[in-house]
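A, B and C are the chain letters, set down in written order, and residue numbers restart from 1 in every chain.
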């Protein structure tokens, strides 16, 4: 069903919830080199979708296309049925790299407050409604305990939460995160993943997380968009993350090993794609 | 031969001893500024590089006041400024900016004081302007030659540490994990830069000191990513700009207003800007598509 | 020092401090201290040129300040910001050197433009200064939110429709406006010290942006009042006192922040690993 053609949203039988984002046939090239080819998928309300692919596969480019920051050679992106408009805060964005200097005179709650109206001219006038929205966002990401602390002194995981709060405070329909787990310690990774899962479930937001390694996201991931060589396949994890599918995507043989609930995608060594492989579990060393 | 070159080189250019000195000094400063400048641009410390030129101005006026040889003033002030910057925290990207700014503010305040005391004591008006906008033709040759040689000495000290410096400039964490004393290397680099800039400032003036440090290096880094090639290119550009500037300055003696000549600084700076912009054209033709942010 | 002929100075100095504090807040947050230094120093070259042709020095200041701001902004699109600033600065200084080489006599008022003089402000200059100040404040007020967002979270700002380069240009032009009004009072060299040091100190003393702006203004006012008084008494240039006080206030703020951080570290042990190690 999925092997060679790009995923057609109309074909999806499990049509739960409303479509929030539809990407159709998007292609992008730099200096003649195709970075994305005919990428299509949809994101739905309340679902966590992982954008998984090796480094350099075009994940950040795809996110920039969705944000309207990157021009496409072909294809379209539509949000909640309407055309994409950067001014409307329908998309919350948490970038991969951000540097919050230690001495920045901003508290965590100030950064979150900027998410409400940071793009509008003028000075923010204090209002009860504003404070309330900010408090809600802080509570949603579990940042109440350090809301009043200088944002530059927070740990990586705490800063990540603040940025998620910043993205959420304007009540977006879609939350994009570019490699949010890349620089976090394992404990923080689990916390952030849990948080993102609850954000999707409790607030009905479509969450799109890019990562080069999918295992951390498995507990909360509903669907996956797997991207390699500029092409993408989307669907449920058990449909997409299969040897045949990924081999077709990569263009060379790839093994998918499942071990104790974790998934390993391993480049194969030129074996026929049709073979099934027995997985031998070695006993732990004494 | 002289007929052929007459339009370019005005009469007496090659015979003038002042020109000889200027060409030599200019070349030496360019050779020193090239490699030091490349590291400065890589490390994003152009502000510090410029600060040292203003620091040198202050050191010079302080030395004037005390009746001491200006070189001591430049050296002492340079090292003091480096230490202060280091203490405030010049290693972090944003912290570096503020640290340099605070130090520069204090130093320029001192410059104001020194020059004020100087003018009230010795009634030499225009001293401040001369120090700031000093030109290559108006220096004491002996001092200048000593200064230039010291500049070469600084270079000789810096180059052996090239590998450590490069690694810690490009990726401080990786350098630290390989056992490079990043902070110490940073401090030594800054001290060396302050000396190099101070020495170039007194020979060719504060304006040119900054221009030759930053401009050619930035241009070279746009043309090549390999450090050694960049350093050589930077030196070539700096020497070309300096010599061409000297030629034009000499020629301008006959331009309006006749008899005075335009300053070397002006020509060299314009040339450096021109080279920088030209290198940009070449880059844009090679990479037309927008890169990722 | 409170006689009538000093009134102009007190008024001008206070106006300057308010503007410097407000603009300085953003200069420090954006890490644009170099630009805050380069624009005034380049503007001075314009003043020199103006006095050469007998034009109003304030006009010369303004033209070169704007030229510097535009130059930095334009060059920044093509390369690194600090390189752009250095190049724009040296070009302006080179042109300034050209003007100075052509002027037959040396105008004493140029000295005050460099380092600031207590009696450097005439009554006729107060109105344009005031208008420039109000324009500056309005511009900062208008750009406050997008400028702050763009300074702190550039990528996110882009996604929200706030162009980084556009904001950079706006900020630089605001600096140019602020420069034109501060240089006649404090001098070209120390204009930026009044912008950088109070704001740098303020941000160490409070974590709330609104309060940081207010503190920066307050510290700038105190600095300038002390500097003018000291300059009146000793006849030494105002600029010297501004620079020296800048170092002192920043040092005090650092000390206070270090003491406070020690207290915080004991209360929140989780932060110890993050803040104790030097960040390189």
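As a convention for this text, a contact is a pair of C-beta atoms (placed from the backbone, for glycine too) under 8 Å apart; a residue touches a chain by one contact, two chains touch by 3 or more.
No experiment lies behind these values; they were computed from the predicted model shown.
Chain C has its Cα centroid nearest to the centroid of all protein Cα atoms in the structure.
Ranked by distance of CA centroids from chain C, the top chain is A. Rounded to a whole number, the gap between the C-alpha centres of chain B and chain C is 24 angstrom.
Centre-to-centre separation between chain A and chain C, using Cα means, comes to 41 Å.
Here the CA centre of chain A is 47 Å from the CA centre of chain B. For chain A, residues touching at least two other chains, in rising order: 69, 101-103.
Residue positions of chain C touching 2 or more other chains: 31, 155, 158, 279.
Residue numbers of chain B whose C-beta contacts span two or more other chains: 92-94, 98, 293. For chain B in complex with chain C, the touching residues are 41, 44-47, 49-50, 88, 91-94, 97-98, 100-113, 115-116, 119, 125-126, 128-129, 132-133, 135, 172-173, 176, 182-183, 207-208, 210-211, 214-215, 218, 222, 257, 260-263, 265-266, 268-270, 272-273, 276-277, 280, 293. Residues of chain C that touch chain B in their complex: 28, 31-34, 36-38, 78-80, 82-83, 85-87, 89-91, 93-98, 100-102, 106, 108, 110-111, 114-116, 155, 158, 187, 189-190, 192-193, 196-197, 200, 236-237, 239-244, 246-247, 250, 254, 278-280.
Across the complex, chain A meets chain C through its residues 67-69, 86-87, 89, 91, 93-95, 97-98, 100-107, 110-111, 114, 117-124, 148-151, 153-155, 163, 166-167. Residue ranges on chain C touching chain A, taken from their complex, read 25, 29, 31, 141-146, 148-149, 152-153, 155-162, 202-204, 206-209, 211-212, 270-271, 274-275, 279.
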